[in-house]
């Protein structure tokens, strides 16, 4: 019988009026607006990132390329000659980083657990303790390192007072090749752990409370609950903490410099026992004025940090459960 | 002169055509309503008038002046947005004053203009508040005030009432109409709500798929829909559409709908127009309120047999959902209560002069010649 | 879950609760102790400094506070630090707002490239480019100047992204409404977008303040003498110069720490969440 009306040729696709409207037509405006930021970064990030490799190939004179002497890879050869002390600085750095990262994570996690709010709201005590733990993180490192120098004073310092009170032998601390670096570590643990606490607090607040309670109901004790319920939720933050902690530790300069005699030859003492790569680089360039050599150290540092970040990312991605 | 003209205006977003070749004039002092379903291009049409979108092709004229490539700030138009877009960190006073201040109006003139506008809209007591401290209706009035305070040549309004609840919307509609009468400023108003369009408009522009379907007064749009789209879009429920074949059966003009014969009187001009255009198929349109439904066939009145699928009693009227055959559904609207049962056979008739006839291919209405 | 459990719990819970409070008190005290000791030392009498065990009772002798200002021009160092920090904050805010706005709301050819280039800057460890930075500063005649301590930190990628993120959340209609009101893009930024971005402005300000106030290695290598020396470097020299004057050193340390303490007290919550946010990027 009667066919339904043949549909008319389908209308063109139509969208609702206001698309994310092109707010400005001008192409140049966009560039003009990002230019100031790019200019600053070009001068003190992009250009130096290229320049560092170039400088490392010269016996560098501040007057410029013309006044500098090409030495090719000579500086790199020197780096890996044990006499230069660079390899030793890598060892010191590895020791420092290898201690700082796990310690600050463990302490940070513990403290985060301690000051985590138990009820729906933060109590005054929790707020206060959080603030106390966080405060050192934002304080200038030289000012606080000076206080820690007092604390580690072998004769009148707090550290030895504590050891004596515990009937332990007093230590030479910053005057000892064995204990100078641990003293720096203690300062920086105190200084930086607040950052880890903040990181882990955010992660802990994401652990679903009902799952934890369910585990309790099932008779799990604290350790079991932590290991099986809470730890998996922390693993993404753990990766972040490892990366940020490593980067921070590798770049530590001010506290080491100040505590290990920076004003008397650039720090790193006694007997180079605290000469990390950061200190080594500084001394090469600004105590001994071997800019080209220091730049070679910079290049290696650059590559090492990149490598560490990539490696940790690789490992982390395999072991992270909750992404 | 605050006449606003779209001359062959098109707008594409990448490959997507939002508005195609719209030619339209909003006359001075007119309340022109752009009506259509979402995505029909009405908002884009309005935004091009505002200068917020640039046409892909065509021209925009404000009075005699070509404003196609003129920045919004140099057009002297004001706009009211659907979500009001009030400046959240400014007080009501500052919201109203912002545009004037940008135009370097003298401080005492700013104050006077803001206070005048606030008085007109009953916002005096709210001037120190911020938008988040206002109710929806108050925010809407502030948005309106922000547009009014500059005394622009025309107002552009993009669904300004759609964020209000039903009662407030009805109230504000009335106020808006009064305001227009009072101010006499040209208003171009976008809505998808046909009640707003019918009650507010001097003329309605019905759009679909980026194309203008019809421009006319509310009554004419209702009585003489130019296309099948307009016919079904206007009215609640919209017009019934019945695919029909026709011819002369023993000399009498007869429509065949769903296999049933409906003899038609000889004096139907729309029919003649359709017939003159040739062809044996047409789409017949009839508004639900023009259908009569009877439980028994009335003798002498040509009718179609149908079946009731659903009865919707609305109190002041009843909607009957019918089907002629499984493929042809229609709705009838009757002021009476329906006492018959559902799923029972009924007979449907109408005044043949109320029938609209559409070309089944182009979907354009045949009008009397 | 069972009877024994419920009967044991209350007392156990109480012990744990008080144990936790005690532990929190010990932790808070331990972390604040160095600051407290510095304060005590700065107002100690000579006899109270070199004692074993250390004396924790303040004796309110302010002589070292007077003397520390006599040893070195601390007012000048302070002024330097304030200028450097203030100027850097302004520069970071301006570059951050402009670039963030462009990247959020101004479509332009090469925008994706700019984003990538900015992200790449985050990969460059500042320590590794210390020497070329020095070389660049040397050739721009920025050594031993205040400007030399501002320019290298004048743009911050993190700030750019924070502003971009925020501007992206602003409804398009605000810009539309602004245009209808007659605003140009910079008027929109000045009157609408930036005032609404106050929390971000605050975050960037705080983070820049903390970073710049603590800046050490860079000013150490580029400043000589008193011309442009900031407090941290001055402090370092003071200790090198005269490490045995504990009281004066403590006073100077406290002086350096004071602005940080003050800001921390005033903006604690915002500051902590800013640092937390910084870590997440």
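Letters A, B and C mark the chains in the order given here, with residues in each chain numbered from 1 onward.
Everything below uses one rule, namely that contacts are C-beta pairs under 8 Å (C-beta built on N, C-alpha and C of every residue); 3 or more make two chains touch, one makes a residue touch a chain.
For clarity, every value in this text was computed on a predicted model and none was experimentally measured.
**Student:** Out of A-C and B-C, which chain pair has the most contact pairs?
**Tutor:** Output for the comparison: A-C.
**Student:** Of the other chains, whose C-alpha centre is the longest way from the centre of chain C?
**Tutor:** For chain C, the chain whose C-alpha mean is farthest off is B.
**Student:** Rounded to the nearest whole Å, what is the centre-to-centre distance of chain B and chain C, using the mean of the C-alpha atoms as each centre?
**Tutor:** The mean C-alpha positions of chain B and chain C differ by 59 Å.
**Student:** CA centre of chain A versus CA centre of chain C: separation in Å?
**Tutor:** 16
**Student:** Please list all residues of chain B that touch 2 or more other chains.
**Tutor:** 47, 52
**Student:** Indicate the residues of chain C shared as contacts by at least two other chains.
**Tutor:** In chain C, 176 touch at least two other chains.
**Student:** Quick one: which residues in chain A touch 2 or more of the other chains?
**Tutor:** Only 18, 21 qualify.
**Student:** Would you tell me which residues of chain A are touching chain C in their complex?
**Tutor:** Of all residues in chain A, those touching chain C are 18, 20-24, 26-31, 33-34, 36-41, 43-49, 51-52, 55, 60, 62, 64, 111, 114-115, 125-126, 128-144, 146-151, 155-158, 160-161, 164-165, 190, 195, 198-199, 201-202, 217, 219, 240, 244, 247, 250-251, 253-254, 257-258, 262-264, 278, 281-282, 285-286, 291, 294-295, 298-299, 301-302, 305-306, 309.
**Student:** Over in the complex, which chain B residues touch chain C? Could you list them?
**Tutor:** Listed in rising order, the residues are 47, 50-52, 71-73, 77-79, 81-83, 85-89, 98-99, 102-103, 146.
**Student:** Given the complex with chain A, which residues does chain C contribute to the contact?
**Tutor:** So the residues of chain C in touch with chain A come to 1, 20-21, 23-25, 27-29, 31-35, 37-38, 41, 49-54, 91, 94-96, 98-99, 101-103, 105-111, 114, 117-118, 121, 123-136, 138-140, 151-155, 157, 160, 172, 175-176, 185, 210, 213-214, 216-217, 220-221, 231-233, 235-237, 239-241, 243, 246, 249-250, 252-254, 256-257, 260-261, 264, 268, 271-272, 275-276, 279-280.
**Student:** Mind pulling up the chain C residues that touch chain B in the complex?
**Tutor:** 171, 173-174, 176-177, 179-184, 187, 191-192, 195-196
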